[in-house]
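The letters A, B and C name the chains in turn, as written, and every chain counts its residues from 1.
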Amino acid sequence: MSLSSDDVKSIARLARLSISDQDIPVYARTLSNILEFVAQLERAETDGVTPMAHPLDMSQRLRPDQVSETDQRDLYQQNAPQVEAGLYLVPKVIE
Amino acid sequence: MHNKTLAELARELKSRKLSSEELTRAFLARIERFNPELNAFITVLQEQALAEARAADQRLAKGDAGPLTGLPIAQKDIFCTQGVKTSCGSKMLDNFISPYDATLVERLKQAGTVMLGKTNMDEFAMGSSNETSWYGPVKNPWDLTKVPGGSSGGSAAAVAARMAPAATGTDTGGSIRQPAALTGLTGIKPTYGRVSRYGMIAFASSLDQAGVITYTAEDAAMLMSAIAGFDERDSTSIDKLVPDYVAELGQSLKGLRIGLPKEFFDKGLDARVGDAVHASLEVYKKLGATVHEISLPNFWLSVPTYYVVAPAECSSNLSRFDGVRFGYRCENPVDLMDLYTRSRGEGFGAEVKRRIMTGTYVLSAGYYDAYYLKAQKTRSLIRQDFLDAFKQVDVIMGPTTPTPAFGLGEKTDDPVTMYLNDIYANGVNLAGLPGMSLPMGFVDQLPVGLQIIGNYFDEARMLAAAHQYQRETDWHTRGPAAFA
Amino acid sequence: MEWETVIGLEIHAQLATNSKIFSGASTAFGSAPNTQACLVDLGYPGVLPVLNKEAVRMAVKFGLAVNAEISERSVFARKNYFYPDLPKGYQISQYELPVVGKGNVEIELEDGSSKRIGVTRAHLEEDAGKSLHEDFQGMSGIDLNRAGTPLLEIVSEPDMRSAKEAIAYMKKIHSLVRYLEICDGNMQEGSFRCDANVSIRRKGDAKFGTRAELKNINSFHFVEKAINYEVERQIDLLEGGGKVVQETRLYDSKKNETRSMRSKEEANDYRYFPDPDLLPLEIAPEFIKEVEKTLPELPDQKRQRFVTQFGLSAYDAGVLTASRELADYYEAVVKAVGGEPKLAANWVMGELSGGLNKDNRELSASPVSAELLAGLLKRIIDNTISGKIAKEVFEAMWAGEGDADAVIERKGLKQITDSSALEQVIDKVIADNPQQLADYRAGKDKLFGFFVGQAMKATQGKANPQQLNDLLKKKLAG
């Protein structure tokens, strides 16, 4: 599996990563190598094998429906780059 | 005092021969002296540590101290620590002050340990050499031109250079065991679900597990008793009784069946590392264990499987770093897309971006079945191999890494070669099994590690096997001469 | 060209839990921004989701109510996309294995017939926050209080063929979730929201046309308008030789039009995969049985009972059982009156509903409680007042002037049932209208009504109508 520069650009866009033009060929090469390496998996015989999403063979534990959290907005927003009136600010959202 | 084990230091604290403050000062002084050279710490908590030490001394004086009270340790900077910068080795979180403590941190605090500082690591734990850290590489105290391993490289270097008597780590694909091996230390990655993941910044959620790096198995057992156990804040944490790991250290190894996977002793393994494994097995035979050749026929699938599963999960886990609620935000974003792409593009380093892109790709429409679903199936096969093996043997042993520590910069251009350094480690995470590494000798004057893989929740037996080996050998007492 | 409309609905019902689906933050509506967004809701580094049992119970309850299969094992998956109101960059939802499988509901159509609409699935997921577009230094503000509120997404089969059917289905689901007490159904606050997949095809075609997904249609009224607008748009497109493209369109209620959503234009590749932080959800048969025991009487069952128990028409029973509150109110009236279910039905559907509509009030805010209305009906039944006077009394009660007896007393509306008093009135009316009397007696029967009117006027409507009729007939006959 060999990725072109355009492939890298579209993956980067989907992942919301800016990549400089000069770095694109480097990513194209290393990502292609990785994909080629993992393509070994094709050789594994997996007919009838149940996919394993998780190492634990357990079911989901459930939590009682209780409110346990209090308002900590000021504390939590100390890490925020830009807030106003308790809101996180971002460039205008266009729908 | 800095060459003493946690167990020895604990006894001295208990007997009031030594105060926690003295001990803490001694390690802080060593950090001040050696850290500039090794770059093992991102944050050093001079004042906080001394305050905690004094509080511990009061507990010790009052006699309400636990087995760990007053012992200084270093925390990997992947664990959220309230009021303290938690960077995860990334520019993305260089300005991040955690408003809460990870469960592991909370438990160690309650046990009365003293936090010396936060250790350097590969960015978001993605690396095997500690070279992907935004804070620069960590150096191996045994040879400053070599890597200490990763991703818990800062923790390993800190303990190896005796800047801390023990440190926490996390292991997603070998990140505790491999650096422990490359720095001559004992490292344990418990069974998936044994230690809470709450507050540990996620890399790959179905693989991540916290553990510790120490001088000895006994020290590891002491810390494990504090950090293991159920946590209602982590759905994948297991509600199962935690044994007294220290009390179990003495369990007899008579009749212990050790499995030796023939696939581990193939090309790629430095023959001298293989020899060290075989020499270790002789020690075990003397202790009454029996050695059996076993086969893990799907072993060859573990690294490629890992490099689909781990990037897939990481690509999603790291989406929350978007410059909106915390972390790095680019200057003057022109629109939303620009805010996202530049904050993430500038905030993440090259390896993290590479893994996010790999993961994005393997999950994307048209490739999911060929990569992600396929890897879930091969993951099943890998686990099944282990389950089959544990029908025949009690523990599995082999090398932790194929070679001793490699040179700084040696593998940075070739990710796949770097990835193969964890060839013996990845499968253990994929299966969710517990694994350890302990010092078993030297190759080219560099330490190499013996890996022990246990059955699910069989940490006690694994630790006992390591402990009794350490009573017969002295590899674990050796330290790098430059940091004596 | 005859076109057929094909509609499927995706309804998002916020579940009425106290805490969020994966965190212990409150789900209360209307708090100051971000004061109910805890670390988990904010997607802080290191935090983990833990599933709320009540949300699961509510989903199972819904599944049972629509005759659906409840999955013994369902899986939470991550839907990955970047949006400022989605803190983690992924939404925890269910994809391949939802908690509720195939089910169905019956809807009643205007012509009195009913139609079965398939429910494809219902799954649990977390709600997103809100982007506020008021101007903050030229930026948008993000409030994450809503983030993590449990949602049940109810997906229908494309079984509806008109906007009217879509509304009937939506109302049915709305009524169901409220009966089940799993959602407050408040559409203004966004507790119950709807997206519609709309396509058209030539009548008789087996294949569906390309569909557009309409977002943001959050009232029954808008659903109809949005769908009708969209159908017209698609017909115009196809008849003009164009093509419908599969896309997400936003309904603008101010302009009454749908428009393509720019933000969703980029091909969505959600990269769903099982959430590794959450293990499979397993629901034991015992749990389902337990939930089954808590199921209330459902609208269809209640309607049937109203028909047999109270002798109501299917239509009236349908109206009265459309909401659980109304049905409960009605039954409370019947119980307090001790019978006369048809009279009670007429009043509940007539004066009461009319009053609520006129004042735009919820039943819970009605000034006339079931007990008050029952008190009024009792006075009709025991002939204290006539039905006509009762309406006057009702209005006074509505205005808060006290119970029926107090109003009747104060306004002196008590019916005259004293025969001698009535006779006096009649005698006077007859005496005052000799010409009419003569005409009547000469065979102008129609004049009977004139005498009734005069007598009623003289008694200010308080005469008992039946008694008045009888007495008048006797007297007029001479």
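Keep in mind that, in the parts below, a contact is a pair of C-beta atoms (placed from the backbone, for glycine too) under 8 Å apart; a residue touches a chain by one contact, two chains touch by 3 or more.
Since the model is a prediction, treat every value here as computed from it, not as a measurement.
Peer 1: Check A-B against A-C and say which one is joined by more contacting C-beta pairs.
Peer 2: The greater number of contacts lies at A-B.
Peer 1: Sort the other chains by how far their Cα centres are from that of chain A and give me the top one.
Peer 2: C
Peer 1: On a C-alpha centroid basis, what's the spacing between chain B and chain C, in Å?
Peer 2: Roughly 57 Å separates the two chain centres.
Peer 1: Which integer distance in Å separates the CA centroid of chain A from that of chain B?
Peer 2: A distance of 23 Å separates the two centres.
Peer 1: Return the distance between the CA-based centres of chain A and chain C, expressed in whole Å.
Peer 2: 41
Peer 1: At least two other chains touched by the same residue of chain C: list those residues.
Peer 2: In chain C, residues 39, 42, 44, 50-51, 82, 84, 142, 269, 273, 276, 278-279 touch at least two other chains, as defined above.
Peer 1: Could you say which residues in chain B touch two or more other chains, in rising order?
Peer 2: 96, 99, 206, 232, 235-236, 315, 319, 322, 324-326, 336, 340, 360, 364
Peer 1: Touching at least two other chains at once: which residues of chain A meet that condition?
Peer 2: 14, 16, 53-54, 56, 58, 60-61, 63, 72, 76, 82, 88, 90-94
Peer 1: In their complex, what parts of chain C are in touch with chain B?
Peer 2: Touch list, chain C to chain B: 39, 42-51, 78, 80, 82, 84, 87-90, 142, 269, 271-273, 275-279.
Peer 1: Once bound in the complex, which stretches of chain A touch chain B?
Peer 2: Of all residues in chain A, those touching chain B are 3, 8, 11-19, 23, 27, 30-31, 33-35, 37-42, 44, 46, 49-56, 58, 60-61, 63, 72, 75-76, 78-82, 88, 90-94.
Peer 1: Per the contact definition, I'd like the list of chain C residues that touch chain A in the complex.
Peer 2: 17-19, 23-26, 32-39, 42, 44, 50-56, 73, 75-76, 82, 84, 131-133, 136-144, 250, 261-263, 269, 273-274, 276, 278-282
Peer 1: Along chain B, where are the residues that touch chain C in the complex?
Peer 2: Within the complex, chain B contacts chain C at residues 79-80, 86, 88, 93, 96, 98-100, 102, 197-202, 204-206, 232-236, 312-313, 315-316, 318-322, 324-326, 336, 340, 360, 363-365, 368, 372.
Peer 1: Contact residues on chain A for chain C in the complex?
Peer 2: Per the stated touch rule, the residues are 14, 16, 53-54, 56, 58-69, 71-73, 76-77, 82, 84-95.
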